[in-house]
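Both complexes shown next keep chain A, but they swap its partner, so chain B is in the first and chain C is in the second.
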Partner chain A sequence: MAAPVAARALRAVPWSRSCVPAALGARRDLHATPACLKTRAARVRVGKGDKPVTYEKAHAPHYIAHRKGWLSLHTGNLAGEAGAAERTVEDVFLRKFLYGTFPGCLANEVVLKRRANLLVVCLVLVQSLAPSKLYFLIGYAETLLSHFYKCPVRLEVQTVPTKVIYKYL
Partner chain B sequence: MASVSRPLLAGGGYWAVLSRCGGRGAAYSSVPAVSSRGGKQREASTRRTSRTSQFIKSHAPPRTERMAVDQDWSSVYPTAAAFKPASVPLPIRMGYPVKRGVPLPKEGNLELIKIPNFLHLTPPAIKKHCAALKDFCTEWPSALDSDEKCEKHFPIEIETVDYVSAGTSIRNPKARVVTLRVKLSHLNLDDHAKKKLIKLVGERYCKDTDTLTVTTDRCPLRRQNYDYGIHLLTVLYHESWKTEMWESEKTEEDMEEYIWENSCSQKSALDTLLLIKASENVSNVTKEELLSSEVVKSYRNSVVALKNEGETENNMSQYKESVKKLLNIQALP
Partner chain C sequence: MAAAGLWRRLCQGSAFPVNYASRIMGRQCFLPNNDLMGVRLARSYVDTQEHKSNPLVSISDEPETLYKRLSLLVKGHDKTVLDSYEYFAVLAAKELGISVEKVHRPPKKIERFTLLKSVHIYKKHRVQYEMRTHYVCLELKHLTGSTAAVYLEYVQRNLPEGVAMEVKKTKIETIPEHIQKPVCDTLPQAEETQVKS
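Then we have the complex of A and B:
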């Protein structure tokens, strides 16, 4: 925690690297960005064997396109197409919104599919709410999101009795 | 999340968990999206309105158990939809299995939901689409059965591109580009008009195919670009027929092809012949007589061919013969 704070403080002070004798090959470069931690991203660390994980969480990011599919499908990342950043920002908002709208009900990640301007949100929910409440929340989410994004939004919901466990780590 | 503790409880504690989640005792209608574990544990849904019903939650069995083998599949999946395990009567498993295990079943399988499926496009469904669309289709006109006839009746070709993408907006600014193609042989142009038109359009004319290609994208809408393209074509046509005053100042550098009349080649050839005739003491021969003589004509043709078509074997040998005849030189061994 201290390192980024110190880095930010140092950035404010003009730092000259010319005082370092470059002829000797010694360089004192300043890394002002936070560390990436690529080897720890999206990985559930192995524990005692009592931690249940879903298929999605059990596989690390390098298994995408080998054992995992993509959670969000749109044309923004194709060559010559625009709007990749906008779709990504929308995806982030949608996941946060749905995580809050269905508290404690999401059994797995949200799958987003875009077909022309229709947005299809596929949810897998645990049967923790009464169906009437669930229907209300689905309608609420659909209406609010379509008014917000000015495009038709459809929620396709699937319910399971419990979370589908892949393995215990 | 509170749901973490739930999977650890065995079947007996399941009902207690459900009650803790606060299922109010309202009347439950059979939920179509519910997928239960096999459906053997739950009987058909019962309607209870008393408060004790919050401990008993009944779920209807999945729809797959009531599907006939010869049902109409296009009514189960009429449009593109995500994979619904309770609606697809196939025992599909998907996923990388754990060691000494099998892939995950279809209930709650996110991998099956992620992938696009074509369950709505079975051959009978496509046949129904075609039958529905047939009412809106008209036959191709039988008189236009070859490319030449199409070109003869519709000489101007308009090319536009539509773009489909996924996003909140269906608009794409690249879709406003309109390309207009027309062969100059279909336009009513005389020699001067054709040369002037080619000079006016510059690079947009292709000599090999005799096609004028005009691409417009300066207007924001496709219709506006199309109108502008047609307007350009009209203006070009009418302007090329007009002859401006300054066109008479066309010099030899502006000419598209070599014209032998009034060129220095003609002058030098005539001067040479006159000198030859004078040295032979022949009576006055007029320029017109010389011009209309065979040797001069063949010389003219060979020079024009050389300048316009470039140097080929044929052209060079023709030039050699015509010069020999003009200057009356015998063939060298």
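Then we have the complex of A and C:
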């Protein structure tokens, strides 16, 4: 009885989701995304709750500039500036190089900052190696990279006892 | 002394405020203590004494270049970084006694492009990226060449990473000698009779 009355009332009024009276319990939902949409870029899929995940990995790329920052800071991508491709190639090499130099020690992604000629590499390392070994590796990386890129390279390292887990997925 | 005389002549001709001219006196020295800023006459005396002892300060006889406007356009991806940098630059200008004309934020520019999501086929599935550039424009007025050099060096050494700056300077020059007097005054009188007939 109530249903035809409600249907007639709805037909008279221009249709919009907001004007559906909640008291009647009738809902018209709009499906905006296709049922099988699965964007997989830079996302860790939700699992059983046993997978530890850092803050960086837990957030999807659409959270950049909202909840996440940038990993590589340079002026190449600004409007009217050149050199984006060169910086990207350098970044890729630097990340691979550091991943190999500090085996199993990287707690999070490497942050690269370029200030004028200076290249600042910010690392967070897990305390798995002895401090003397770490100092040697830092000096080795700085010297080698400075000679390779012909610019002063500074490594700013912070150590942490274990990887900082943000949540379990 | 010649520089000081030339400076005074230029100041009388242009619209510079009087206290600015008397403070600077054609020489720049970066004094860290601000208590001497108010005492104008005493400061010029202190200036000459300090220059003799301080090896970092150099005096040259060539006249200072004058800038009507110094426009700094700062661009970056992160708006909060730009806001904090603008606060720093304005504070630095105020400490150095530079008058800030205006600080405005031109609208951001977004560069968007759409690429294919897959390596091989699947033309219907695309991915979109965008790059946002935010701007902050700082306009300073009435600077001398050495003030501009000091300020720009300080502000540029402290540019954060990922931020770029474009500087535009508007220089003031004296009118060239050949057009200092109106041209019609120098013409001979014979030309006037020709025009009449």
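The definition used in the following text is that the second predicted complex is superposed on the first by the 131 of 169 C-alpha atoms of A that agree within 3 Å, B and C clash if a C-alpha of one lies under 4 Å from a C-alpha of the other, contacts with A are read in each partner's own complex, and residues count from 1 in each chain.
One rule holds for everything that comes next: a residue touches a chain if its C-beta (ideal position, glycine included) is under 8 Å from a C-beta of that chain, and two chains touch if they have at least 3 such contacts.
Only a predicted model underlies this, so the values are computations on that prediction, with no experimental measurement involved.
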Once the structures are superposed on A, label A:Val53 by its partner contacts, choosing first (chain B), second (chain C), both or neither.
-> neither
Where does A:Val164 make contact in the superposed view: on chain B (first), on chain C (second), on both, or on neither?
-> first
Among the partners chain B and chain C, which is in contact with a greater number of residues of chain A?
-> B
Please work out whether A:Tyr149 is in contact with chain B alone, chain C alone, both, or neither, and reply first, second, both or neither.
-> first
Please work out whether A:Arg115 is in contact with chain B alone, chain C alone, both, or neither, and reply first, second, both or neither.
-> both
Could you say whether A:Thr75 touches chain B, chain C, both of them, or neither, answering first, second, both or neither?
-> both
Mind working out whether A:Ala65 is in touch with chain B, chain C, both or neither, as first, second, both or neither?
-> second
On chain A, positions contacted by chain B and by chain C = 69-70, 73-75, 81, 113-116, 120
Interfacial residue positions of chain A with respect to chain B in the complex | 52, 54-56, 59, 63, 67-71, 73-76, 81, 83, 86-87, 90, 104-105, 107-109, 111, 113-117, 119-120, 122, 124, 126-132, 134, 149-151, 156-167
Touching chain A in the complex: which residues of chain B?
-> 1-4, 6-8, 14, 18, 21, 23-24, 26, 28-29, 31, 33-37, 57, 59, 80-82, 84-86, 95-96, 98, 104, 107-111, 113-116, 164-170
Chain A contacts chain C in the complex at 41, 65, 69-70, 73-75, 77-81, 113-116, 120
Complex contact set, residues of chain C against chain A | 75-78, 109, 111, 127, 131-133, 157, 159-164
